[in-house]
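Some structures to go through are shown next.
Heads up, the next two complexes both have chain A, just with different partners, chain B and then chain C.
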Partner chain A sequence: MICFFAIILFAFLHLFSGTIQISFSDFINGLFKYDSENVNQIIVRNFRLPRMMMAIVSGAGLSVAGLLMQNLFNNPLAGPNILGISTGSSLFVAFSIMSGIPFFVSDIGIIASALIGAMLFGLIILAFSLFTKSHSSLLLIGIMIGSFSGALVSILQSVSDAQELKIFTIWAMGSLQQVEFGQLFLIQTIFIIGVGLTFLLIRAMNALVLGSNQASLLGINIRMVRILVIGITSILTGLITAFCGPIAFVGLAVPNLVKIIFKTQNHKVLILGSIAIGAIFMLICDIFVQLLDKYIHLPINAITSMLGAPFIVFIILKKLK
Partner chain B sequence: MFRFLVYFFIPTVCGTSFISCSNDSSKQIPHSKEKSVSLYVKYAKNFKIILEGDEQILVLFDPTSGKVEQRFNQSELKPEKIKIVALSSTHIGMIHVLNADNLICGVSNMIYVANKVFKVNFEAGLVKEYGEENNIPLENLVSSGANLVLYSGFGKEFPHQKQLEKLGIVCLANYDWRENHPLGKAEWIKVFGFFLGKEKEANDYFDKIEKEYLNLVEEASKLKTSKSIISGNVIGDLWYAPSGDSYNSVLFRDANIKYNYSETDGTGSLAIPLEQILKENKGCAFWINPGTETFQKLRKMNSKAALFNAFKNKNVYCYSQKGNYFWEMSAVEPQKVLSDLIQITHPDFNVHNKMYFYSKLNE
Partner chain C sequence: MIRFENVNIGYHEALLKVKFTELTRGHAYALIGENGSGKSTFLKTISGQISPFEGRLLINDLDSNGIVNKERSRLISFVPTQTAVISNISVFDFVGLGRTPYLNALGRFSKKDIEIIELAMSQLNISHLRQKMLNELSDGERQLSAIASAISQETPIILLDEPTSYLDYRNKLLVLEKVKDLAKTQNKCILFSTHDLDMVSENLETVVCARGKNKQLELLLGKISKEKLIEVAFNFV
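Right after this comes the complex of A and B.
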């Protein structure tokens, strides 16, 4: 409960951060009594609200996806990037930008490409998962696919012109500002479906903590769980990468932080905790970005990496002890 | 004899002294400074043509450091034997104006070329493509037969410059794109005149367009209420708009247009958060240079475009419909760019009744 109150608190703080000073009445009117000629209300509805919602969705979605990955592979350093799904998204976005075809260079084209890339690479990993029972092997295959698609991205970058390179580089920095108010319904629907499916896996996730063999003995269909985990991860990662670009470290760091805070292996608590802590984490990072915007524009990835990377080092050192 | 002194010699000396006194001498020129005289460069800051004794010398400056980057003695050039690889659109425009199109044997990429002569020459195999400046194989340039390579300077040498110079190929860094005054940019035609042995044509051309430009500035200053504009577009999370001392800002000022960032410092672009750009420019009457040619594409590029009144009222103008032609010719025809901007923003200006580069976005 505390966490969810904290989400509401940070969401309000986020709405009130920003370059322009906006009064409380303009905020309320911007949400409930919208006047399309009032600039402040336009800013609230078209800039601040979508950005805040996207911070919550991306933080929560990536954290849940990361939690699923870490449980499936029994590895605290697994994350949505590990199976190459994010890189697959990036590859398709790189293709679309470098193609020079106007539709694909547009916002809608990039979103579509990111979604298609994530789903396709998710399907590739799913296909491989049917041929191998070993989690380590699947992890390695995912890493190799990620490396391969990363190499293709490098080739595309080397042959692109300055403008295309700039568009791709800026996209790769990540952004919570590309979402429109009208897209929020679709985003939230897909997010709720993805997270909702996760709750169906609570029993399986709890059993997997004991290991695959023990989980099998408890009647868990490991293959089906694997398929569902990869599918849900693809949906959530694809959704967020499509609208925000690749966001680093959230899916890796937050699940570990949740385990430290809640000190439990009960995945009902961990999933809810990941949603809450992930959302708060992204809101805090984006508040930093907004506060510094007057002086310097920092990409959201820079902040998540600056906070996430030291934490991961801490986890590794803790594991070594 | 006395009359010869009065009517010829004294005015010549006085005129030469006037030119040397009126030019900025703040840049470092290492050779015979006390003997050199700066010739007829009024607005451009990144080059000078000086006279050392009987020798005309072209001096190019690095725009960032102000230091001399290259020097060329005119006596060492052989204009009649010049073959050029021109790696930027503005080079093509300036050479075209001097009627020297056939001297160009190579360009960067034909998709960026509007000039019809080049297209014909390309079909005939007389012009070849060499790719991006930083990625041209050395052998391709050497086998082109060119002895002059024009490239956009970035403060460093052209790739393989030393090897090319040993093979007799001159690499000339063009800094016209770093000039922030439209006439300064156009004045680079004198550099081309210098190399092609067409100084008189270049000077005459520049004098003509300078006069037209300054006449337009004066006419614009007399026009009634000027409209406000917003310029630029979103890249990522920021809006990039021209800074107060940039090329575009100078044009806006000369066209008597209200532009919210005309008093800012800098010659490049301002990176402005989206909330701020909307707050400060929502009510602007016109949107200039969004970087696309249709409203549909603009909506796709910038999801917030429809929030601006200029977009709602369909008052968005750009050169994109004549993109390649704009990039080739706008540098050397700044008076036409200025005329377009005045026409767009001042309904009471109707002298030419013709738009040269700009047009309203299509649906």
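Right after this comes the complex of A and C.
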């Protein structure tokens, strides 16, 4: 409960942090009585609000995806990137940027190719999951697919010119500012479906804590769970990578943090916790980005790790005492 | 309850031939035999983790191969030798995982579930550990929790792989008594593997013996002396 108040609080803080001061009434008007002549309202509608929503969607979505992966593979080092889904995205984005065709280099083109890449690689790993019985082999296959496409990305980078390289590098640094107001509805719908589906997996995820063998003896259909988990992760990771670039760290760190804070393996609590802490974490990180924007423009990917890593080490050390 | 029709167990080759036809309700069976004689393979075969190499295995008159996970989880519970040391889970929640087959997708306990979990914990004298974290327990306490979890699963068949291996003398007796009591009073069919031949010889009249060298699984009935058990189990005769 407290967590959800905190989300709202930080969401508001986030909306009002930025280089341009905007009054409260402009916010209300920007949403309900939109006046396209008013610069402040344009900023609210086209920049602040989408950015705030994307911080919540990406933080919560990646954290939930990470939680699912860690649970399925019984490995705290797993994250939404582990199966090569976001590298798949990167590969397709690299292809489309290097292709030099104007449509593919445009924002929409990049988003589309990132989505296609994520979905395609999600399907590939899903196909493999039908044939492999053991989770650790599946994990290995995922990592192999990831490094293979990572290598392809490097090759593409090395043969591309400076301008293309710059576009790709900036995309790969991650950004919450690429989304427009009109796209929000679609993004949120997909996000809510993806996260909503995870609640149907609570029973299975709780049992999976015992390992897939014991879970199967407790009546869990492991194959079904696996398909759902990979499917949901691909959708969430693909969506977020497409619109924000490959955001690292959050999906790996937040679920672990949530387990430390809530001290439970009840996945109802863990899912809700991941949504809340993930969203708050991204909001805080992006508030920092905005506050520092006057002096230097930092990519979100740098901030998440710079703020998050010391914090998590601190929590772990504190817990050891 | 568990019927064997010309069953040979084993992974890739016939390991042991089952020489009896049925394990019935109302009995606790000890499963003895040397290391590597196939005790765990036998338990895994019954619990459906591997198929019989040959022949037909019938659980409650259903062919074991045709039973889906969901049905099986309400017929058979299985306690592995070693319980994984899981962090961030309380004993209550751990024992409660035994209720998984009866929960809906959201995994919420009903009042009845909670009563059953409490009862299972009190039967094994671990109620006071309810709020403790599983990774803070001793090996023995963790083993008792795993057994409580199987009891809360409320299945007619309970399989335990060396349930007494980490227990002290008193808890060994407790588990043995509990197992015999559950089999009688609740009419269950319980099969547990063990190396504690002393306890088996004095207390049980139903012993399944895996004789690796003869490639046979035999059912021994009636009270049998320890010496005789050793002779049979270790192939001196």
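One rule holds in what follows: the second predicted complex is superposed on the first by the 307 of 321 C-alpha atoms of A that agree within 3 Å, B and C clash if a C-alpha of one lies under 4 Å from a C-alpha of the other, contacts with A are read in each partner's own complex, and residues count from 1 in each chain.
Everything below uses one rule, namely that a residue touches a chain if its C-beta (ideal position, glycine included) is under 8 Å from a C-beta of that chain, and two chains touch if they have at least 3 such contacts.
Source: prediction; values computed, not measured.
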| item | value |
| --- | --- |
| Room on chain A for both chain B and chain C (clash or fit) | fit |
| Angle at the Cα centre of chain A, taken between the Cα centres of chain B and chain C once the superposition is applied, in steps of 10 degrees | 150 |
| First, second, both or neither for A:Ile202, with chain B first and chain C second | second |
| Touching partner for A:Asp293 - first (chain B), second (chain C), both, neither | first |
| Touching partner for A:Ile43 - first (chain B), second (chain C), both, neither | first |
| Touched partner set for A:Gln265, first chain B, second chain C, both or neither | second |
| First, second, both or neither for A:Gly219, with chain B first and chain C second | second |
| First (chain B), second (chain C), both or neither touched by A:Leu210 | second |
| First (chain B), second (chain C), both or neither touched by A:Met173 | first |
| Which of chain B and chain C A:Leu140 touches, first, second, both or neither | neither |
| Superposed arrangement (fit on chain A Cα atoms) - minimum chain B/chain C Cα distance in Å | 41 |
| Sites on chain A touched by chain B in the complex | 18-20, 39-40, 42-43, 46-47, 102-103, 106-109, 161, 166-167, 170-171, 173, 175, 177-178, 180, 293-294, 297, 299 |
| Sites on chain A touched by chain C in the complex | 199-204, 206-207, 209-211, 213-221, 259-260, 262-268 |
| Residues of chain B defined as touching chain A within the complex | 132, 235-238, 271, 273-276, 278-279, 282, 297, 300-301, 303-304, 307 |
| Interfacial residue positions of chain C with respect to chain A in the complex | 47-49, 69-74, 76-78, 80, 84, 86-90, 93, 97-98, 100-101, 103-108, 133, 153 |
